[in-house]
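In what comes next, chain A is part of two complexes: it sits with chain B in the first one and with chain C in the second one.
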Partner chain A sequence: MTDSSKPTMPGVSRRAVLAGGAALTASLFAPKGLRAQDFPTAAVNTTGLAVTDDTVTIGILHSVTGTMAISETGSVQAEKLAIEQINAQGGILGRKIEYIQEDGASDWPTFAEKAKKLLVNDKVASVMGCWTSASRKAVLPVFEQYNGFLYYPTFYEGLEQSPNVIYTGQEATQQIIAGLDWVNQTKGAKTFYLLGSDYIWPRTSNKIARKHIENFMEGCEVVGEEYYPLGHTQFNSVINKIRLRKPDVIYAIVVGGSNVAFYKQLKAAGIDMTEEKPILLTISVTEDEIRGIGGENIEGAYACMKYFQSLENDNNLEFVKAFKEMWGDDMVIGDVTQAAYLGPWLWKAAVEKAGSFDVDKVREASPGIELTSAPEGYVKVHENHHLWSKTRVGRAKADGQYEVVYETADLVEPDPFPEGYQ
Partner chain B sequence: MQTDRKNRFLTREEAVYFAILAAVVFLILPLALDPFRLNLFGKYLTYAFVAIGLVLCWGAGGILSLGQGVFFGLGGYCMAMFLKLEASTPENTAIQSTPGIPDFMDWNQITALPWWWEPFHSLFFSLLAVVVVPVVFAFIVGVAMFRRRVGGVYFAIITQAIAAILTILIIGQQGFTGGVNGITDLRTLNGWDIRTDEAKTALYFVNGALLFACLFAAQYVRRSKLGRLLIAMRDQEDRVRFSGYDVASFKIFVFCLGAAFAGIGGAMFTLQVGFMSPTLVGIVPSIEMVIFAAVGGRLSILGAVYGTLLVNWAKTTFSESFPELWLLGLGALFIAVVMTFPNGLAGLWSEQIMPRARKLFAGGTARPAPASPDTAAGLTQPRKAAAE
Partner chain C sequence: MFAGYSMGELTAIFAMQGFAGLILFSVFVLMALGLAIIFGQMGVINMAHGEFMILGAYVTYLVSHVFADIMPALFSMYFFVAMALAFVAAGALGMFVEWAMICHLYKRPLDTLLATWGLSLILQQLYRSIFGAREVGVTIPDWMMGSLPLTDMIEVPINGIFVMVLAVGISIAIYVLMFRSGWGRQVRAINQNRVMADAVGINTAWTDRMTFGIGCGVAGVAGSAFTMIGSTGPTAGQQYIVDTFLVVVFGGAGSLLGTIASAFSISQAQSIMEFFLSGSMAKVLTLLVVVGILMLRPQGLFALKLRK
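The block that comes next holds the complex of A and B.
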């Protein structure tokens, strides 16, 4: 790794190279950063990015207004926390990170407009941003055209691998397969009822779930599959069908405001999730959503994620503490918020490995980047720009937190184009 | 009659106003702005097509449509379908299970191009469809509504429902339409890369030229007997009907014309922004477009263009400076304009600025200003306007 930084960085002191190597592991509270004078601006920035002798500017592009604001705010907060912590350690290559925040306003054309503004006008070195697949699809051509670099935090449907994006959330197989296997092996579940909101992520996820259930899980079957428009609030008919078919598992990928109606109506219809008849398994409800749903309405449900706020490891305890110090004690931290927090850290590690802010060099340096300090534990960037992560299953408690009941022994390899699941 | 001032296509004053707008669009903006900002203004101008149509339908004809986004969207989708097919060559889509079809179809397990996508391989057909599809749809809606004498608030509500229905349809049929994501990643128009700065600038000028074509068409309608009948219908529909005119046909015509303008605007939007999505079809954008017309002045076609530019520019600027508060600023702007100047910017110009300027220059001997019906770019002041 030191070799890779040598040719691009003539005249770098041995100490700086060693420090660069050490920073790869990006220990969260490393005592010292690198010194800017060891990395002259002309050498670390050959493509005209917004890098000065003591600062580097990046973009934050999320919705802080509109329907998505409630979901994306956590990501913005996590990214700002990470930036502050990196700056407190001395920044990146001796430069403080400054950010320009833009509002995507829950509107996909606005996302494209703002992405272009950040890249063309502000020349930001990287962007932390987007949440929904639709917003990512809208900005993707912009990032590819102007060679920007995006850290995208949300768990999503996969089927994508852009050279200009690092996906810090899970692609679909990482979130689905381990959870299904777990519910089958430990709970003996055989029949599954799939339902979701009607757009690409739930549909693709359920497609993968169905293929896995039918082709890879012996004796298991899907007994129903249904979709509802975003914002739908009447789930009585599907709840009746569920009671009729009596599946072992309700596999729910309902998103946004529909969640509130869905879980309340399930409870009102007498389906007590704490009794596990049937088991409810979801991949769309994080701690953030539970705040809207109400812990008492979803108590007993299982969620399959890579991160829960209740994870007990030193990294996470520090992270939760710092997050609450910065944003208030009543904050909750969901899976995506944690993934967003990884963005600036992964970028820092990649820049330091490359010894340059140039997008092409950062891209080249990114695969293989490891983060031992991640709140979710150890993660590593795969060749395909996704992260190796563990999959975990948590059980919702009445206080709105999850109790972790299972985690995969090893990191799960990201596979955005899964064979046999198309 | 041809020499009658009121019947001339443009009065001298209006010619000046048109020339000023032309100077703004073709000279000042391109010279003052970098390619990125110019492209943004190009995007704003695509909404101006809708606003002009609204001035005709709403300001002149009294037909308030809260569903113009439907026509904007239809035009935009027709264009996007052509561009998407061109971008989805088998080489570009080799990674898919079925190469050669748009990527979102592949994600939705569709294995062959639906028959109604096939004609969009043809540029000529697509350009035709940009205008024809919205017009045909507007004609169907218009016949269904106006022949039954549905008007006013009921018409507004129904157009809004149509906008909602179309959004749900597009999102629900995601295998054929791209769903919530819309149709993205558009690259070339007949081999010409539309993503480069040069292409964006060229498209900006094409957009400006088309806008002026629509402005002239709108001005022609307003100056014609048809235009005067529209105003008569707005103010006294029954009287026009009793005079032997077929009120419904006139309404259908102007509604279709507004739809055609909106369709062209939508197609230009797709070309300049590089994608089309249902967020531009639904209720919210449709109402936003009415706001553009209201801020500019719903009685003035040029005012509508300025209103569109102002509101969108404010939207971009506020949101860049105050990412978390900008909506409030925008709301305040809208309330301020509508409270203070019910006829929008054009009203501010013709009722406040011009009379004072005249007084100043003519030493108080000027003719009483707003009495002349053709001040301020053909602003035909209705007697009832304030009451509406």
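The block that comes next holds the complex of A and C.
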């Protein structure tokens, strides 16, 4: 897709038509603060969701205890910020958003149980939640059975498309292909060493990377591919293997505590990433992870994702400022945190376009929803429930931030079931 | 795999790989020594061992901040202070835990498993509440980072050398303490026959408390040292617990020499296989071999001959 016409606020007229004559005038004069009495509860909520005359309840479902709390805390903070901002603007269809937060406790069956509780007992109108693919897979049958609506923030391996989920992070091809092409074209990289933690996301992502390198990048090859168990903390052997193979690029998808060990040991082994011999390209290290790794240990590495805190556009400056005001000056914002922030806004836009909280109508309204106010810039919901978004490459600095060195000219189309990559 | 490489390159790689194996060995020894004392000598299955290590790591984190804020001139030396404080903090917590919980469970060794597992959950949540759920970054003094070029091609990580020296130092200290001091004799006596030791006038309660404290203190020092090579977060201790038990059980509970021998064999096997196979496969094969040997020798590599 070529960079498109910048749309204005999502479809005021269509929304008004759906809402009837009285709403027409009201919404034209006050596009931001829709009044609840123009949208009678009986009309906007025909399926018994938790919607009253002045509130609507949604769920937040992340791990705030257990291993994954490290990663998911940022998402919870971003979602609460978005909800607060939406409420300050008058809410959705004149109703304030209230939320019920449940803790998935880093345990996948707990996620499923809590999801059921939110949908069946609390009748929430939508859920912002999940982080790992495992937790999403666990709640998926629940959302499909009870017709809930989930906004899922993490970049992930793709190969999924549910009518009950909007994926606000990038799927694998969006994140991987642009970065590989970039390192090949601007740095002349020809040989790649693929490395990852041993579970579905790194393996699927490296599979896509390998297919792309071997089939679509001329003269390029993969000289090594390996996986280490989650929580592995000793990388000296693989560092020696990398030394032996002398790849142009180490393509690293190491996650969690392993990440910290990997970069510290890489530096201790005398591999200075600022010299780019080899270049380190990762898709798993956001600003959040750098805090644990230490900026001085990863300085010079490149990361490929859709959002960096250092992006300079008005939306992002405002977002970063608001986030720090709400959660403290020492906060950093990573890719997933930003994607989580989009969830409530995308849902608001979809509800207003549908003129209803009913899940079926929101789902129908979702494809084509555009956000011009996203911190990452303009995004749009694809028919396959993923987002069109730009992909960017950032270079890690010693202060723990990324300097954006490249961004795709156009939005990259989401392709969760990529042909030729499986 | 080795086609197209010069002899010099291969020698360098193998030398560095040998060194990687030794570093892994030292890491295993550091992880396991504290548990070898607690599990081996006292028979307490301490599932919270990793959390005591992480306490040491958090102490290091705090000390680094104190030095950076108050006396930046001495920052390059803070690590030694941090390790000493890590020993004290983890040891003190260990003695407290022994007094509050473990000492009631000596007659029920299997229950220590559940109790200490609960303790590990409590500690994890405590760390999370105090330091936040995210991992913290511990700034390591510059002289401890980077590598030491031995020849043009052979480079060894400085923090690896540091861990090795530390492992040797602590092993010697524990050896002296256990086998060359009156206190060590008491610990071993209690281990062999608690009732009899009590009868001949050894203060078993106090000796137990000290032993548990020292075991935890050593774990704290290990955790402090691991800030150089690993992550520091509320649940980071879980990364170490499996390997730690593996080393101690494989070596034969009760034998410190066995622990060291087992750390050596497991680390070498793993490091060599990691080089020739992939990481996950190396782990699988290492575990299979260990399981196989334990089936033939359930008491582990080295077992004390005891009259029970």
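Convention: the second predicted complex is superposed on the first by the 391 of 422 C-alpha atoms of A that agree within 3 Å, B and C clash if a C-alpha of one lies under 4 Å from a C-alpha of the other, contacts with A are read in each partner's own complex, and residues count from 1 in each chain.
Just so it is clear, a residue touches a chain if its C-beta (ideal position, glycine included) is under 8 Å from a C-beta of that chain, and two chains touch if they have at least 3 such contacts.
Computed from a predicted model, the values in this text were never measured in an experiment.
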Contacts of A:Asp107 with chain B and chain C, given as first, second, both or neither: first
Contacts of A:Asn121 with chain B and chain C, given as first, second, both or neither: first
Chain B versus chain C as contact partner of A:Leu140, first or second or both or neither: first
Chain B versus chain C as contact partner of A:Pro229, first or second or both or neither: both
Contacts of A:Gln265 with chain B and chain C, given as first, second, both or neither: second
Which of chain B and chain C A:Lys207 touches, first, second, both or neither: first
First, second, both or neither for A:Tyr199, with chain B first and chain C second: first
Which superposed partner A:Ile70 touches (first chain B, second chain C, both, neither): second
Partner chain(s) touched by A:Lys397 [first = chain B, second = chain C, both, neither]: neither
Set of chain A residues, in rising order, touched by both chain B and chain C: 64-65, 198, 229
Complex interface listing, chain C residues touching chain A: 5, 9, 13, 16-17, 19-20, 23-24, 27, 125, 128, 132-140, 145-147, 149, 155, 157-160, 226, 228-236, 238-240, 271, 274-275, 278-280, 282-283
Contact set on chain A toward chain C in their complex: 64-67, 69-70, 73, 198, 225-229, 231-234, 236-241, 243-244, 256-261, 264-265, 267-270, 288, 290-297
Of chain A, residues touching chain B in the complex: 64-65, 101-103, 105, 107-110, 112-114, 116-117, 120-121, 132-134, 137-138, 140-142, 145, 157, 159, 198-200, 203-204, 207, 229-230, 417, 422
Residues of chain B that touch chain A when the two form their complex: 34, 36, 39-40, 43, 95, 97, 104, 107-109, 168, 171-172, 174, 179-182, 184-187, 195, 273-275, 277, 279-280, 316, 319-320, 323-324, 326-327
